[in-house]
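Chain lettering (A, B, C, D and E) follows the sequence in which the chains are written, and residue indices restart at 1 in each chain.
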């Protein structure tokens, strides 16, 4: 490998980055890569961290577990100071053992399966588990929306999110879950699911799956004359959803933990540098990018607090401190899982514009109820 | 109606049809131990089907097959083979991508000395020069010979040969015939051979079974069979 | 050329094996942890390739479903480790028994069909098993995945090494035996084989069970080395592609082919992914196509054809 | 004197790197019926495969009707009027009898087909009964009849016959050769026939070549072989090695 | 409680899905029937058709259904060329070689799509409105793509059973050398077949794109479904593939409704093992015994 010897304790810092530049997730890979580069450039521009220069070592995990595991060993071998893994719970989990042994903190983003964190003290999940407070709060205020259908893609993170909704959010907000199911990742035809939800008398719909699922799902709803009052879809934040769904997108709600207009720590610099690196249309500084950037901001904070890059000290800092990031104030619970950054809710008001409708203190618009189509 | 066990192999009331076609029709026949018996009959009269039924590659609709008094109907082909009943195929089915030697070694030989048996049968069919060649590269006739050698490796008591002379050059036809004769006299083997080479069959066999439309028309010495009007007309075309 | 004893000779073979084993056994001292990982994944792929070759190379029953056994073995081991608290070496024994029985039953069903039907059926059954694990959310936890205590680097290294060598030796012994010839004959013509006293089912079923068990053990060690199981990780089509490619490159139905394939391809893959990551699947595809068009029988057969290696089943 | 219809001139050919035909010279004149005999493995079928374009000659040349055809595709040779009955794989196994005949007449226009088919089915009543039976389920001899009929239906000028008699009962063997005789008389067709059934062949051909070890070792009027002893020395020596 | 509207809705939905499955499976059945080649690249060819439509729509603004005018000849040409350049070399060889070769082609196609079009699933805002037929809601796009499926299938049947080319295709599959000896230019016939198989895949891709969306590896799932369809129908039987596509489309829709998508897939995949046990050659396939040598 191209990696040369250690970085720990010397006059420069090294952060190992594992990112899917090829394979199934390579698209996201380039967004993450840009965000990491933006952070590196910003740090460099400000003369390093406390005067110490930082080097990012990016390795392609090919979206493959064995590759991720090898990369982790490589990082451990070379005694990097900190490791970030961007995307996918299995890939994160594959890296954990080697880094745990070497006492190097591993922070993940785009990896939402919090169950895998058990037993690892050095593994942190930066992206917050989906809470759906927004949906809960809105639905609790509308009597004609309390019968809810919930559908998730059968992947660990989605099932866990759905479970939290069904077992906590719904009862807490007086909602009745009339239909709850998972669908296969390869499902494209949602007619059966929509008919079931309709048949169950669902008045609102909460989905946890990928954006192309959301598109096919909403289209199927429309064709089948299934018109819930409210539809909340986890991944419906991308601009492409608006293009693909046309007018059907109006009223669609989506949880998010980042918007470009946020007034958060370092957001302006982040956006500016990000755009200077990748000005192209197809990659925008979305929440994936923000979280990747935020994960490195956590290192920045922990290193500053600890005054050294010693693994165990960084780990202590991460367990016990709060960190200001572009996505908000981050902190980790006893399992190393994010419990600081809050989820907001946005709603598509027409095919182009989205408004934040929850929480109230951040809201930029009112909820459209019921959704228009 | 049950016939008493008479020969080394007894086929009793055997029938088999395909769709509407009765390929073997209530066939009863037997072959005497240590005989060389020929089976002739028009194309499509059920000879190969009978072989397939005897060797377990096909199951009969009714009737049974007894080998040395044991009812072997419904047995798996490999069990029948191990019982001492070997066969060849009308179109040689050698293992193309194996050498000649390997073709022979594959056989479940009762013989302890496999090497010796391999040498013996390979040289008998005059293929020892090809010992390490792939069987698939042999000519059509050579493949027939290899098929016979492979069957002999099994050291069967009863050998069923389906058209061993077809496509084999005359010199070898005589050699094969001589071998069959020796197998019978020296080793006490029984041979049932199907072929259309009527002259060769007649001089080789003690008796001929004539099959027509799936059943036995007659069974007699070759000279008698060849003079039979029905045989002359419908088979020999004389 | 130097005069060497023939490579297919039994003594030469075991000589090579012993020397190689001794050299490789120094891995944990001579290699970095990263280096060890690269080598043990190489062992893993070699073992998987041997397992596939054992069935598909010799009996001609080409399977596209090794990932059925990778997944099955992995989950069987994990269940014993997680729920019965068994030590992993002990669990491997249980897995061997379980996979053997499973393969026996599946083999009796699937080996009635052959050729393309068999290839497709194995693929579909493997996909079906993956769906089955996704449905089982109570113990196997479906898509959420299961955690197991990971092996140490050294444990994993030796476990994979032993497995890979066992596969090689088993293949050599089988290929040079009459048993192996009969497996080849199954590939050629089962019906003809049955008329010379050999029960084809016995040979193909044995091969299928051996294939299943070896693949299952490799799968178990894979999961143990990673320390977790997700259905997508252990029921992996891309691993299947890689392992088949190894055999094709090295030589289908040969003793040294899979090892040679792994030695060439795994390091190449490592280099490819680090340099042309975006195109490595493309490169893989191109290699596969070129191989099939130019050297369908693989390196070993090619070397035999050109006379550099003796034509022998022991090579 | 015109050129022979088929002229094989000093042909060397084989499989992979191994030559099977070492130097084959033979020719067939228009309207002749010529036999080709020789021990198993002598290369008889290989001669046919080379003439038909499945193998290309390494040396020498093959002329059909005066034109060089060494590298012409088999399907194009058929259009030039050559018919071929291979020794093995000579039927379309999953098609029925009529479909096989129809494929044989692929290059013939539709109207002529019916008549010729009826004519050939008369020759083999066995096939007539089974027009719609799948060929692979038929007996060995029945399949051979299909193979013969398939080749004859296109009404070729030259027919290459690889062992027409093998597997046919004596009555049909005689019928096939009788038929060859009539066709040849009626339409001046030309035949080159491989046979192991030497007596029958010699009875029914004008001339015969003996091939041994990839070389023509003898040729002459069939009558002469029928009488003389010579054939034994040339031929009956058992199989040859490649 | 049996609700007739639901049953009818599911049936309609299932049949339209079946129309798409026909398109995505039939080409594979055809290629297998002629050359005994199981074409793994088929999944990639389906996506190729979809990407052509996608490209024409986004870059040139061509209506997706009209884009078939380009998709059909383009995919035919792709298939024709692929046969000459690649697949021809493995025809008649062991099954494994053609499986692996076409698998290589699949990998190349997939990676090319990934590099050119990115990994995202792309969908298209097209014919999204619903239509109400007897109180069953259907979406126009599904009606369109299902409809294309049934029409194209009809045309294919007519082509294969009526034309002598159809027969030549079958003959070539059974005995390629003999086909040559009957005056059939076998390689050309195979190339045409592969071309037709690819154009069917391409039309399937367009239909699938209109209905659901495409991605670089989106063809894999359809490949598996195509396997299920052609094994159930009997490999090589075009008629079987047609019937099986209907059965599978309807089954999947109902099973998803009553049991969920994993159980539906589980039954479809493992069920094939059972089908093979009971009818080793599917519904319309033919056994391969060689009792006459």
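Of note:
Here is the rule we use: contacts are C-beta pairs under 8 Å (C-beta built on N, C-alpha and C of every residue); 3 or more make two chains touch, one makes a residue touch a chain.
Because the structure is predicted, anything quoted here is derived from the model rather than measured.
Looking at chain A and chain C, the chains that touch each of them are E.
In this assembly, the chain whose C-alpha centre lies farthest from chain D is A.
Most remote from chain E, judged by the distance between CA-atom centroids, is B.
For the pairs A-E and C-E, the larger set of C-beta contacts lies at C-E. Chain C and chain D have CA centres that are 49 Å apart.
Rounded to a whole number, the gap between the C-alpha centres of chain A and chain B is 75 angstrom. A straight line joining the Cα centres of chain B and chain C is 43 Å long.
Put simply, the C-alpha centre of chain B and that of chain D have 28 angstrom between them. Within chain C, contacts with two or more other chains are made by residues 131, 134, 191, 278-279, 281. The residues of chain E that reach two or more other chains are 114, 262, 265, 290, 292-293, listed in rising order. In chain B, the residues touching two or more other chains are 48-49, 57, 89-91, 93. Across the complex, chain A is touched by residues 32-34, 36-38, 41, 131, 134, 137, 142-145, 147, 150, 153, 222, 225-228, 230, 232-233, 238, 273-274, 277-281 of chain C. In the complex of the two chains, the chain D residues touching chain B come out as 15, 38-42, 45, 87-88, 126, 133, 137-142, 144-145, 163, 166-175, 196-198, 235-239, 241-242.
Per the touch definition, chain A reaches chain C in the complex via residues 1-2, 21-23, 26, 59-60, 62, 64-67, 69-70, 73-74, 76-77, 89-90, 93-94, 96-98, 113, 115-116, 118-119, 154-156, 158-160, 184. On the side of chain B, the complex with chain D involves touching residues 18, 21, 40-45, 47-49, 90-91, 126-127, 129-130, 133, 137-142, 144-145, 163, 166-173, 175, 196-198, 234-237.
In the complex of the two chains, the chain E residues touching chain A come out as 3, 6, 9-10, 13, 17, 114, 118-125, 128-130, 132, 137-142, 208, 211-213, 215, 217, 221, 252-254, 256-257, 260-262, 265.
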